[in-house]
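Labels A, B, C and D are assigned to the chains in the order they are written; within every chain, residues are numbered from 1.
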Amino acid sequence: MAIDNENGYMTQEELEEKGILLTSLDKLFNWARSWSLWPFQFGLACCAIEMICTTQARFDISRFGYEVFRNSPRQADVMIIAGTITEKMRPSVERLYHQIAEPRWVIAMGNCAISGGPFVDSYAVVPGADDIVPVDIYIPGCPPRPEALIHGMLQLKEKVNSPAKVRFKKYGK
Amino acid sequence: MENKINYQEMLTGKFGDKVVINAEKSYEVYANADNSLEVLEFLKAEGLNFLADISSADYKDYFEVVYQLYSFDDPDHLIVKVKLTHDNPQVTSLTSLWATADWLEREVYDLMGITFINHPNLERILTWEGFEGHPLRKDFVSKSGRK
Amino acid sequence: MKTQTYTLNLGPQHPSTHGVLRVVLELDGETCVGSKTHVGYLHRGIEKILEDRTYPQVIPYTDRLDYLAGINNNLVYVQTMEKMMNIEIPERAEYIRVMLAELMRIASHMVGIGIYIMDLGAISAVFYPFIEREKILDMMAHLSGSRMTFNYMRIGGLAHDIHSDFKPELDKFIVEFPRFIEDYHRLIDDNEIFIARTKNVGTITAEKAKSYGLTGPNLRACGVKHDIRKTNPYGIYNRFDFEVPVGEIGDCYDRYVVRMKEVEESFKIIQQAYKELPDGPVMAKVPKLIKPPIGDVYHQTENPKGVLGCYVVSDGTPKPSRVHFRRPSFNNISIFDEIFIGHKIADIIAILASFDFVLGEVDA
Amino acid sequence: MEFFNKIFVYIAQFIRETLAALGFTPVWVEMGMGTVYLVAILGVCTLAALFYVLWERKLAGYIQYRPGPNRLGPNGWFQTVADAIKLLTKEDIVPCGADKAVHLLAPVFIFVPTVLALAVVPFGEGMAAIDLDLGIFYLIAVTSLSTIPIFMGGWGSNNKYSLLGAMRAVAQMVSYEIPLVFSLLGVVLITGTLQLQGIVEAQSKVWFVFLQPIAFLIFIIAATAETNRAPFDLPEGESELTAGIYTEYSGMKWALFFLAEYCNLFIVSAIGVTVFLGGWQGPFLPSWVWFFIKTHLLFSFFIWIRWTFPRIRVDQLMNFGWKFLVPLSLANVFITGIGVYIYYNGLGW
């Protein structure tokens, strides 16, 4: 295999192709992380009720191992922003996001968290969670059905598990 | 929906022309900013002991504070309205009569900017620290963050 | 020994504040000596938004006030508008409205009770009521297309008639529900720990409750027999036979008992309404463009959380000049600062949970 | 049969003989054996914790009308493996203002009493790493140490929730230590020995749960409190103190606390089985299989309790401990003492 970099090192992808242990370990970590996304118990509005429903007997997100809702941000992996973010809540959301230990992901659940939803023209509403925190998965709906949240979690699992798939084209493969 | 007791008559008997009667609606009276406390105190003693709501409306040239009075025991209902000028929207607080007036008045103050005299703790309740203006006023320009 | 008090900030993110309530507690050890409740973390400015919507467009926003009982919120608004415009609505629509409102009351109380017991530490107890709630939500979803935000009622009736699936589903629910109630009573009522945690905790006297404008189950738990469905019957509630359950001393246990009994009463109303359900249209003749006369109307109904009032001011245009809601949770939780004092942190959690408030409604 | 019964004893013997044959002096042989035992105990305790975390989730799911984890691996059995690996790779956060050394040492120390306690537990016939003459005494002494790391964790975090949790933990664990000890004393009075193997052998005819039913009840209650499990999970008190003492712990440190909780519960179940439920005794199956079956059942019982009851309040907890459990356990010891005296000496007429 040719080394075509100017500085003579192999790129991450080339290393990966050769199956260097380091990247295998990375894969193991990604696998573990993707199967163990513990959400942060943090509800804002209507969508929070659907988030609770997702853990309940009927929809049961615990099948995928995601039912471990942690109350402390330190132990959570995924922040599900379930509901309208208001201006009064904005600093808290921001702070809570930063309190979550890395690696962390954000799911914007519901139209309010995506764009402000029906309240977008209000003086008190933040138009979308991506104003404050980087969002990984958007789940539309007002509120989204619990199945949609489960689907969103599984999409996040895919994303975590195979970073190459979701990488922007302009940043390489 | 007719009231069992004619509160309008009762009020005119007690306060004379200081209370204005709404002839169209038998359950509506207008009080003044200075005597609203006495009117409501009188009505509370007469059995309208449930202050359901304090709301307000902006009619561009004047404000109205609307007290919804009910009774816990029978179906009587009376609306007491107080008209306030735009320059000096002030009315006496009802916190001495009902504890619930505390939060309800704070809400009206926060959103409509009507000052309640003798309120123990008149500060914003729903909007955040540093918010300017009173959103429910008609001249409030709503600035949304929409891009 | 000189001791110091300290401040504990409960919320806005806390598992037991049911959303984004914030309570700043002044604690002496575990005992509360001072408290200040902060609300507004979910203040979306609904009342301002509504000034910029047409009258029918208001209905979906009411769903998002008390999002656990959307139908009841629809109801108060459409009834206010019907009162304002003097619209008589068809009998069938009235009956369906009552049925749905009572179903949603059950669903809302299921959440209230379940989360209450969960906050006391019995996590499994939240699962069983939610199963029953799912059945109701299923019916509602088949009917309106949404699980929580229904937008099903219209000024003058209903969006459309009930669906052919609705009756079998309701039949099934009517058969299955009493068993759940029985089981749940067996599970919770005599539990020593539950009783120890809730009896004589957060006691509210009738006088204080009236002064603070408490309504709904929280007021009735204090022994005040006040239910708008009985005192100022709206719609067709005077046709049904039901009791208004009241508590004795207004502690957390009474609030649980009253809610459980209320669920049974609602169930009775549903059965009666279902039996008498007439045929016919579900929508009155209403102009396409709704332009009510100039004036204002206040109307209130009994929501699962308490008395929900709606005040609409019309200036004769197709858009309301002012829409205001009397939100029961807002009034209910204003009593917190007073009753928290002297209680332990665990009791405060019990009181918070027993009040069954919804932040969407508190903050509007 | 006899072979399977003693398979681990034979393995230990084999290693010992091999070490001796390799020419190590007896001191080194003992050291080597110590290492082997330590590895075995750590293995048992990690495996048990990993298994029981998932078992609890599954059993809780069963109680709550749902399947529980069932996607990763056969029927979801690899779920905790993924969780453990993920926790290993999480960022380690030390809050500003925290007492760094204490914050770091707490999760390390929490494992010490756990491992020490497992050293004397008889997993089967002749299968204790060390069979101390003062077995029960040692167990009680060692397990009560776990209060200290929990308090360290709460104190070191610089968080009010943690501190409140830590205060509750100390009060609770110290108070419930007493009924726990007294409940075990009744058994000791009957057997006349503190040695765990001796206690197990004394139960060959009748389990002590039948001779000491009240002591067993007290033991179950006090043990639940000692391990901070619901309805006595006040130090963590999820709905009250967000995550109590663990609020500021992330990643591996939190995982250590979490594993220790399950290990402690495993130990408590093991003690309960050893002292009250006949230990490794049972027909047909090898002794260590019996031991694990019984421990598993007792553990499942603790899980059942946890997912059923509400949490009690801190003052009720203390009242219940001091005003009810302590007098009851004392009375139990007293009555047992009289019974034992009469049994050995007759009534004296």
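Rule of thumb we're sticking to: a residue touches a chain if its C-beta (ideal position, glycine included) is under 8 Å from a C-beta of that chain, and two chains touch if they have at least 3 such contacts.
Being a predicted model, the structure only gives us computed values, none of them experimental.
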| item | value |
| --- | --- |
| Third chains touching both chain C and chain B | A |
| Chain of greatest Cα-centre distance to chain D | B |
| Chain centre separation in whole Å, for chain C relative to chain A (CA means) | 33 |
| Distance between the centres, which are taken as Cα means, of chain D and chain B, whole angstrom | 63 |
| Chain C and chain D, separation of their C-alpha mean positions in angstrom | 45 |
| Whole-Å separation of chain centres (CA-atom averages), chain A against chain B | 47 |
| Junction residues of chain C - those touching two or more other chains | 14-15, 40, 43, 45, 48, 127, 131, 363 |
| For chain B, residues that touch 2 or more chains besides their own | 127-128, 135, 140, 142 |
| Numbers and ranges of chain A residues touching at least 2 other chains | 56-57, 71, 86, 88, 121-125 |
| Graph class of chain-chain contacts, one of line, ring, star, complete, other | other |
| Those chain pairs that satisfy the touch definition | A-B, A-C, A-D, B-C, C-D |
| Chain D-facing residues of chain C, complex | 6, 8, 14-16, 30, 117-125, 127-128, 131, 191, 193-194, 196-197, 344-347, 349, 353 |
| Interface residues, chain A side, partner chain D - complex | 28-29, 31-33, 35-36, 56-57, 60, 62-65, 67-68, 70-72, 74-75, 77, 99, 101-103 |
| For the chain C and chain B complex, residues of the former touching the latter | 39-40, 43, 45, 47-48, 208, 210-213, 224, 226, 231-232, 296, 298, 300, 307, 309, 311, 313, 321-322, 324, 326, 330-331, 334-335, 338, 363-364 |
| Of chain D, residues touching chain A in the complex | 57, 61, 64-72, 76, 79, 81-87, 89-93, 238, 242-243, 246-251, 254 |
| Chain A-facing residues of chain B, complex | 127-128, 131, 135, 140, 142-147 |
